[in-house]
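The first chain written gets the first letter, and so on, giving A, B and C; residue counts start at 1 in each chain.
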Amino acid sequence: MADPRFFASSGPQRLADIAAAAGAAFEGDGERRFSGVAPLQAAGPDDVSFLDNRRYAPLLAETKAGAVVLLKAFADQVPAGAVALVATQPYLGFARVAALLHPPVRPVPGIHPSAVVAPDAVVGAGTEIGPGVVIGAGARIGAGCILQPQVTVGPGVEIGDGCRLLAHSSVSHAVLGRGVVLHPGARIGQEGFGFAPTPDGRFETMPQLGRVLLGDFTEVGANSCIDRGSQGDTVLGPGCRLDNLVQIGHNVQMGRGCVIVGQAGIAGSTTLGDFVTIAAQAGVAGHVTLGSQARVGAQAGVMHDVPAKQDVIGSPSMPVREFWRAMSRWRKLVGGNDG
Amino acid sequence: MADPRFFASSGPQRLADIAAAAGAAFEGDGERRFSGVAPLQAAGPDDVSFLDNRRYAPLLAETKAGAVVLLKAFADQVPAGAVALVATQPYLGFARVAALLHPPVRPVPGIHPSAVVAPDAVVGAGTEIGPGVVIGAGARIGAGCILQPQVTVGPGVEIGDGCRLLAHSSVSHAVLGRGVVLHPGARIGQEGFGFAPTPDGRFETMPQLGRVLLGDFTEVGANSCIDRGSQGDTVLGPGCRLDNLVQIGHNVQMGRGCVIVGQAGIAGSTTLGDFVTIAAQAGVAGHVTLGSQARVGAQAGVMHDVPAKQDVIGSPSMPVREFWRAMSRWRKLVGGNDG
Amino acid sequence: MADPRFFASSGPQRLADIAAAAGAAFEGDGERRFSGVAPLQAAGPDDVSFLDNRRYAPLLAETKAGAVVLLKAFADQVPAGAVALVATQPYLGFARVAALLHPPVRPVPGIHPSAVVAPDAVVGAGTEIGPGVVIGAGARIGAGCILQPQVTVGPGVEIGDGCRLLAHSSVSHAVLGRGVVLHPGARIGQEGFGFAPTPDGRFETMPQLGRVLLGDFTEVGANSCIDRGSQGDTVLGPGCRLDNLVQIGHNVQMGRGCVIVGQAGIAGSTTLGDFVTIAAQAGVAGHVTLGSQARVGAQAGVMHDVPAKQDVIGSPSMPVREFWRAMSRWRKLVGGNDG
């Protein structure tokens, strides 16, 4: 199904290798070959599919897929002729099968002649520097990175091994760990929003003298922005995932594995523990603390600290159970139904 | 009124030609000439203006405009000396007059020497490729396009005739129809937001193996983002209009003529019919369906399917009449007025 | 504390000079030297710190800072060995000390060979044009500006002295005053969102024939967008500050000193007086007027005019006191607490 203009294929792969990638058990001929991945409703006999969500179980009986990665509980519903690939984590297993059949793009080592790399910048072995890339004085780029066209890396920036900086992303005043991904147009390290009013009614910029530190394997979505710290640093722990158009203010501190969904924003000097989730279009005020595994619902507005493992929603936000109970009472009082 | 540094002028045009462009009837001298367009309150005797909204009718008596495109109902209120250009769609008619007097920029065919175009990429006749543009291997650009400075087009991308890709926009993993416009900084075709948690607390990316398909004459606003599909495609039908800073998640399907206003977002795998309108800063959850001509109000949060022609508002959203009735009751109960 | 890879240092400075910069009075040895700035809890004896907010007063007794800019009321709480720099505006004073110790980047005059500057464009004395910058025909760039890598300036654009256009920002159809700052990826002057439906169900663009005018010292955040006017201009008065990912529609008029926080949006043809504040993720509808010093709370939705000095919040918005009174009553009726 994957358009060969855009996605490489590793050619047909043996079922045994696919099962190994998926961490799955199967019965049958390990030499059978599969060439692609597809959703249950679109897959053909050469495709591997998956079932992860009980809601889609009815599609299983109808699928034409040659193999399906799924939980043991669904294995006996696989149609005749299809292979059940029984895994404890079908979605993860399927992701690994997809990566086996369609391997990610590898860097093509070298520096494009149109790139402008400062003489004292360091570029690691096996790194690809695309057309129009600009790398400032004293910057250090790790090994095995891809810098797509038009990326700019400011003076002194440090970037770990295996990072991917996609088209038009920019980084300044920042230190990036290994395997960091900046999606197109991401903005890292610009000045935070800080200024002092003057007696004559102007604003003077508070010099923003901190940095952005991005932990290993953190990803930042397209056109998202992470401002550098004002004096301390803005810090994202390892493995954070930011979607598109997200705003992170100066001095924000995040633990590991935080997930920030599209168009959400976190104001300055706010602290997140580990594995905090902020859903789409939510906002978190400045100078508050969200404990580990706290979850903030879509479009919520958080103005106060949230304890660990607490789920909140609403603007202003409240614990999620209270919110829905209040909504239910509210609707009894004043009317209104879902729509 | 249009600043000649920024807008070309076709020189004074005959009233007869202007009326023809507007699809308007008039009385008087078809040889009279007009050179510009302007709002009622700013127009002079050489300008054409328009009246489209009853609210602005009081400005008509005072206008100095030489001609006014308007509905027949207002024609007798045009001041002496001004020409009434009577049209059934004054706003559309005026748009065409404006385009007649200030023709849009045409491509200046050729490839700027600083552009980096892959040897096997195809660039159509009459297309303008600006400074710093990067076009990847196997990409196909149609005829009569404009690619402004710093645009990047990824490998294999297909772009129809007459498209305009404005400064700093980027496209990968995508097929664009004819007459598509990407405003500055628009991001098309990057990876969607999909990953699987691992047993040791990391996230692994689900390979995003789909594409973005943009229908003919669709326009995408500045710094807006459209992620490619995860396995199927993200599809926008013909004639959709997206404003600035809009987020479209992977696998979203839109019909024709949908309008998505600034800073709105649509989460993954959601389906819109034809002529759906999503107002500013609204959000639509993933995996829901909005019927044709449904309208979502500003800042609404849609979590469930919306039937065709239904208007919804609020977060969580409800039908618009229920919302305002509930707001009215709510205000009687707890107070609060518009402000 | 400031990382020397990213921030210049003016070397140790005399206390007398620091006090003069801060507009502060002090007692003791004016020859004592200080080399950096830091928050109270991180500062050492060579650092200057500040206290601006009563909430942080407890940190004062514990600080290791060598000097602290603060109000007279706190001066006697400065620990032994530290200098009290007594100022009437400690935050402003500290900003000036920080700028003295870490002077902002100055332009390095010259045009990088990879830049593409139209032959008839004018570039002022002492201006730095970075790699990959593109400047269109007839554009005029003032003296002492910095244009970072990949900036594009469209034909005819006029930019005053001392402006900073940071990486990847783009400007077209615009006139910028002195000292304007565009942060990375800011989009200025693109087409507004205007089109007319046709009888056969298409949309035709209303030609956008106005400009963007940015007053002196206005700053626009990363990836923010300001559309040009449709016929009149989009105008921001002097000294406005826009944070990241802000959307300003066509024909918006702002007075001086307005502050628009991250991810807020203002729809077309709306007018703001002077010193209006719009907090994060708020939205203001089109064609409304906000009086001078009005303040709009975070995530508010403003659909009507707001009088001068009025504070509003909520979606739809209401005066802030009514909102909190209504919220309090609402919570008594239906439950729910902060979270």
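In this section, contacts are C-beta pairs under 8 Å (C-beta built on N, C-alpha and C of every residue); 3 or more make two chains touch, one makes a residue touch a chain.
Quick caveat: nothing in here was measured; it's all calculated off a predicted structure.
K.L.:
If I superpose subunit A onto subunit C using their CA atoms, what angle of rotation comes out, to the nearest 5 degrees?
P.N.:
Result for this pair is 120 degrees.
K.L.:
For the copies subunit B and subunit C, give the interface type as same if over half of its residue numbers appear on both sides, and as different if under half do.
P.N.:
Different: when the shared numbers are divided by all numbers used, the fraction is under half.
K.L.:
Taking the mean of the CA coordinates per chain, how far is subunit B from subunit C in Å?
P.N.:
About 28 Å separates the centre of subunit B from that of subunit C.
K.L.:
Tell me, which residues of subunit B touch at least two other chains?
P.N.:
Residues 114, 132, 150, 168, 185, 223, 245, 263, 281, 299, 315, 327, 330, 333 of subunit B each touch two or more of the other chains.
K.L.:
Applying the document's contact rule, which stretches of subunit B touch subunit A when the two form their complex?
P.N.:
Result: residues 114, 116, 132, 134, 138, 150, 152, 154-156, 158, 168, 170, 172-173, 185, 187, 190-191, 193, 195-199, 201-207, 209-211, 223, 225, 227, 231-232, 245, 247, 249, 263, 265, 267, 281, 283, 285, 299, 301, 303-304, 306, 310, 312, 314-319, 322-323, 325-327, 329-330, 333 of subunit B touch subunit A.
K.L.:
Spell out the part of subunit B that touches subunit C in their complex, as residue ranges.
P.N.:
Residues 1-3, 5-7, 37-39, 42, 89, 91-92, 94-96, 98-99, 102, 104, 112, 114, 130-132, 148-150, 166-168, 183-185, 217, 219, 221-223, 239, 241, 243-245, 256-257, 259, 261-263, 275, 280-281, 298-299, 315, 327, 330-331, 333-339 of subunit B touch subunit C in their complex.
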